[in-house]
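You will see chain A twice below: alongside chain B first, and alongside chain C after that.
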Partner chain A sequence: MADDGQPRRSFVESHRTLVVGCGSVALFFAAWQALFLIVPFNPLFISKPSLIAEGLWALIAGGDLAHDLAVSAVPFAYGFAAAVAAGVPIGIIMGWRARVGYALDPLLTVFYASPLVALAPLVIVFFGVGVAGKAIIIFLLAVFPFIFNAHAGVRTVDPLLINVVRSLGGSEKDLYLKVIVPSVLPYIVAGARIAVGRALIGVLVGEFFAASEGIGYAIARFGDLFALDKMFACILVIMAIAVALTEGVRWAERAAFPWRIGQ
Partner chain B sequence: MSDTRVLDAEIAAAPGDVQLAPGQTLWRRTEPALLGVGSIAALLIAWEALPHLVAMSAGTQLFFTTPSRIAVTLWGLFASGAIWTPLGVSASGFALGLALAVLVGLPLGVLVGRSPTLNAMLDPFITAFNATPRLVFLPLIMLWFGLGLWSKVVIVFIGALFPILINTYEGVRNADRVLVNVVRSFGASEWDIARLVVVPNALPFIVAGLRLAIGRAVLGVVVAEFFGSEAGLGVMMVQAAGRYQVDTVFAGLIVFAALSLAMTALVWLLEDRLSGWRPQRPSNN
Partner chain C sequence: MPAYIAGRNVNLTFRPPNRAPVRALTGFDIDVEEGEFLSIVGPSGCGKSTFLNVLLGLLKPDSGELTLRGRRISGPGSDRAMVFQEFGLLPWRTVESNVELGLELKRVAPETRRAASRRFIEMVGLTGFEAHYPHELSGGMKQRVGLARALATDPEVLLMDEPFAALDAQTRDLMQVELLRIWQEARKTVLFVTHQIDEAIYLSDRVMVMTRRPGHAKRMFVIDLPRPRDYEMRVTPEFNALKLEIWNALKDEITV
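== the complex of A and B ==
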């Protein structure tokens, strides 16, 4: 970067937030580790970072972690893809055809307000303990952010652009492809950020309920076995995945739609 | 050719674009409500009529229920009083967890919003915990707090804490700098600034966070009772699902939804009372 005449600032000064943040995380793990120099360590109820790191390494080296993650990823992918495929068109049509919006909005609000996780036992009874049951739970949880955000996005489309396309003889299809979809996209990506979190809840609920493999099942089983180091390792892995997914979507949002920053 | 196209497009215009004829006004005003209620009613009727129209095998009938049967079951639960004990257990876990989340989340949100250092220190933790589904901690929390009330309270607490904390933080950051400077010029302490400027200003954000938190808290109660509890509405629902009493599962779902809607309505009332002084809200005179 060119020197812009300002006094040069050190790395620490210019990245203060980052440095303090990393420092506090490091401090947290150090304090956790150091705590057991004072307090007696009971491996049945708590673990410490050194043991967790060992457990994590054992899971990675043994291939268990990769296997569990791969198993969990399948229903996640199906459920999430179905949520996008169903939610976005429904939301767009609801926003574009006002009568459809009037008809569906209260119904969907009622569904959204009720804790749909409560239907998980029924879904498992209906669809079994396999991929289908879990994918449906994930779909049920993840579809609403897409519907509501696509709906809200269509309602903000600039009417001037619509009139221009119409005046120039554009068809209904042109309206959808050239005006509506591009202006709705940022809203859909914002919805995806919320949906990712809800879909992860779906993965865990499905696997806590009925599974014989998968990352959620691994956490529950290690808990039952009092293998706390491995359980903490799996929890940290899920936390890392959740942060990576949400921050990844946020990053994609910033990269693709820079004009929306701060909205 | 292009003329007719434009005409077609005009006819297909969204209803909002069309000029109202005088006689249509009543219909236009009631149409949204009628369509909304109508679609819910249509769904219920179709659901109710389904077993009369389609022949079902005995196996499917075991899994199937109708709105009327759900209503009867729900009425029976209330009439016999069987619902009060589980409802009480669930409600106390919900209330305690939510109250704790407000007690911790509000002050912490104000502090983090006012102090950049604290913000930089806590931000990684807040981001990580907010992105993670709280459910991953459930086995750990059950190990630490057992199957009773407290593991439920903790799950509700960590679910409800982050919406309140983050919204309070956003609201505090949004405070008018001029007002803060004025109050400070008159010798106010940091506590006075929080009390007089920052918190009242953040109120709409906090209320929005509270609404989110209620949804998360209900979810927390359901989940905690599904996987690690001995009593409560969620336990009732899981047991009913295991016995193929599908009506009871839906009845429980309705009670949970009603609980969440009632709490949300309560927050709206609270918001109206607390923000009555706001000049920009014409609904409050």
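== the complex of A and C ==
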């Protein structure tokens, strides 16, 4: 046996957080499944993991799931991209130009704090049942984390770095490009993590109100049909997507900002 | 014919919102010769750094005249560059990219920038660290980057605002030796603000003592010690006599 004097770390020891985390998820599903050994099972009110797995497989094999996801991805992509494109500049200008900040902050805080979902029917009436209406609902939900995080990020910009760039002959535009945006970028990415969750709410809400396809519509329809196995399958898929996107952003954050390791 | 850098009756008052105004400089006069190494010492808050920022063009005086080669200073210019006490490196840029910043802002072509950064990184002794980020460097190395960045824009005047104050004592001594070597190699006019009388004497041709706030020139000392200077010079009687003289001029201005 190879022995370098160091105690060997097993896979379990070196991936403790991962193993424990997955273990608790597995335990949750096992307990859910086991519950119905004691409690009588009524498929009209609840489903269980074995049936959900079957339903999920049926949706995958039939191509329904892929189709619904592809449909929902379109307004998600438009709405989220618009949220970045509008939210980041608004937040940065609010932070850098104090008067713009004073002017917009109360208004935006009201919108951020209120349940914007209540506006969804109105948005559908204005912009229709197609991609535009849904994209706007997603945009409205996702834009605020970008605005507020960019705004907060600007306040952390080191005035010394502003003086450095000014003293070397930098223009106002240089201040934005060389100092402010790089300083704010990590805050924007942190905002993106929050925005992903809110944007997914937007996808579901938009499709609950007005849709004939998409993952949110599928959840609503399977619920109406008492096909709870398939409904839960779609909910689990949405959850998995939320986790994947959030973790993806977290990973990108580590990869994109090597200088933050030392801070 | 005015001096190379000439300040006449420079006045500056800070007016922070909701607080009493602070008079930082009143009747500040200075004459600097081309190529000389001039240090400014004075009590904390006497306006030494304020004056450097006025000379750099980041602050505008309320009144008075400040000229470089007879031309009034009205803003930042490529004839002046500052080395900051807290380094002021952009944390998301590598050493090389930080050194190139000034040239990049002047829209200098990338190849020219690269050549300049290589030269000055070598001059400050950081060859091999081009791709490092500031957080991977020690304090002394960070200030070498700050110095290389200022030199890379090829300024006539180098302004140094307590550049070694954030460094430990040994690193500081080494950096002083390095600075003299680089000054002799690059031939710049240097204005050096410090709290340390030793440092000022060791480095300078002349040392200016400032009064307490609102600050202006109190006395000018000519340091006629021979160059090149070495570390042993700091324990000679001449050195200590100067140190005592400057201390005597300074101590009345210091309030604890």
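Assume the second predicted complex is superposed on the first by the 246 of 263 C-alpha atoms of A that agree within 3 Å, B and C clash if a C-alpha of one lies under 4 Å from a C-alpha of the other, contacts with A are read in each partner's own complex, and residues count from 1 in each chain.
As a convention for this text, a residue touches a chain if its C-beta (ideal position, glycine included) is under 8 Å from a C-beta of that chain, and two chains touch if they have at least 3 such contacts.
On a predicted model such as this, the values are computed, not experimentally measured, just so you know.
A.B. asks: So in the superposed three-chain picture, is A:P182 touching just chain B, just chain C, both, or none of them (first/second/both/neither)?
C.D. replies: second
A.B. asks: Classify the contacts of A:T17 with the two partner chains as first (chain B alone), second (chain C alone), both, or neither.
C.D. replies: In the superposition, A:T17 contacts chain B only.
A.B. asks: Of chain B and chain C, which one contacts the greater number of residues in chain A?
C.D. replies: More residues of chain A are touched by B.
A.B. asks: A:G169 in the overlay: touching chain B, chain C, both, or neither? Say first, second, both or neither.
C.D. replies: The answer is both, since A:G169 touches chain B and chain C.
A.B. asks: Contact-wise, after the overlay, does A:G248 reach chain B, chain C, both or neither (first, second, both, neither)?
C.D. replies: A:G248 sits against neither chain B nor chain C.
A.B. asks: Just checking: does A:P43 make contact with chain B only, chain C only, both, or neither of them? Give me first, second, both or neither.
C.D. replies: It touches nothing on chain B or chain C.
A.B. asks: What is the contact status of A:G128 with respect to chain B (first) and chain C (second): first, second, both, or neither?
C.D. replies: neither
A.B. asks: Counting only touches as set out at the top, which of chain B and chain C does A:P89 meet: first, second, both, neither?
C.D. replies: So A:P89 meets neither chain B nor chain C here.
A.B. asks: Return first, second, both or neither, reflecting whether A:G62 touches chain B, chain C, both chains, or no partner chain.
C.D. replies: Neither chain B nor chain C is touched by A:G62.
A.B. asks: Quick check on the superposed pair: does A:F28 touch chain B, chain C, both, or neither? Answer first, second, both or neither.
C.D. replies: After superposing on A, A:F28 lies in contact with chain B but is clear of chain C.
A.B. asks: Touching chain B and also chain C: which chain A residues?
C.D. replies: Residues 166-167, 169-170 of chain A touch both chain B and chain C.
A.B. asks: In the complex formed with chain A, which residues of chain B make contact?
C.D. replies: It is residues 2, 5-6, 9-10, 12, 14-17, 31-33, 35-40, 43, 63, 116-117, 119-125, 127-129, 131-133, 135-140, 142-144, 215, 218-219, 222-223, 226-227, 234, 237-238, 241-242, 244, 246, 249, 252-254, 256-257, 260-261, 264 of chain B that touch chain A.
A.B. asks: Inside the complex, what are the residues of chain A that reach chain B?
C.D. replies: 16-17, 20-25, 28, 45, 96-99, 102-107, 110, 113-115, 117-122, 124-126, 159, 166-167, 169-172, 197, 200-201, 204-205, 208-209, 216, 219-220, 222-224, 226, 228, 231-232, 234-235, 238-239, 242-243, 245-247
A.B. asks: Touching residues of chain A toward chain C in the complex: what are they?
C.D. replies: Spelled out, the residues of chain A in touch with chain C are 158, 160-161, 163-170, 174, 178-179, 182, 257-263.
A.B. asks: What residues on chain C touch chain A, complex-wise?
C.D. replies: On the chain C side, the touching residues are 56-58, 76-78, 80-82, 84, 86, 88, 90-92, 101-102, 104-106, 133-136, 153.
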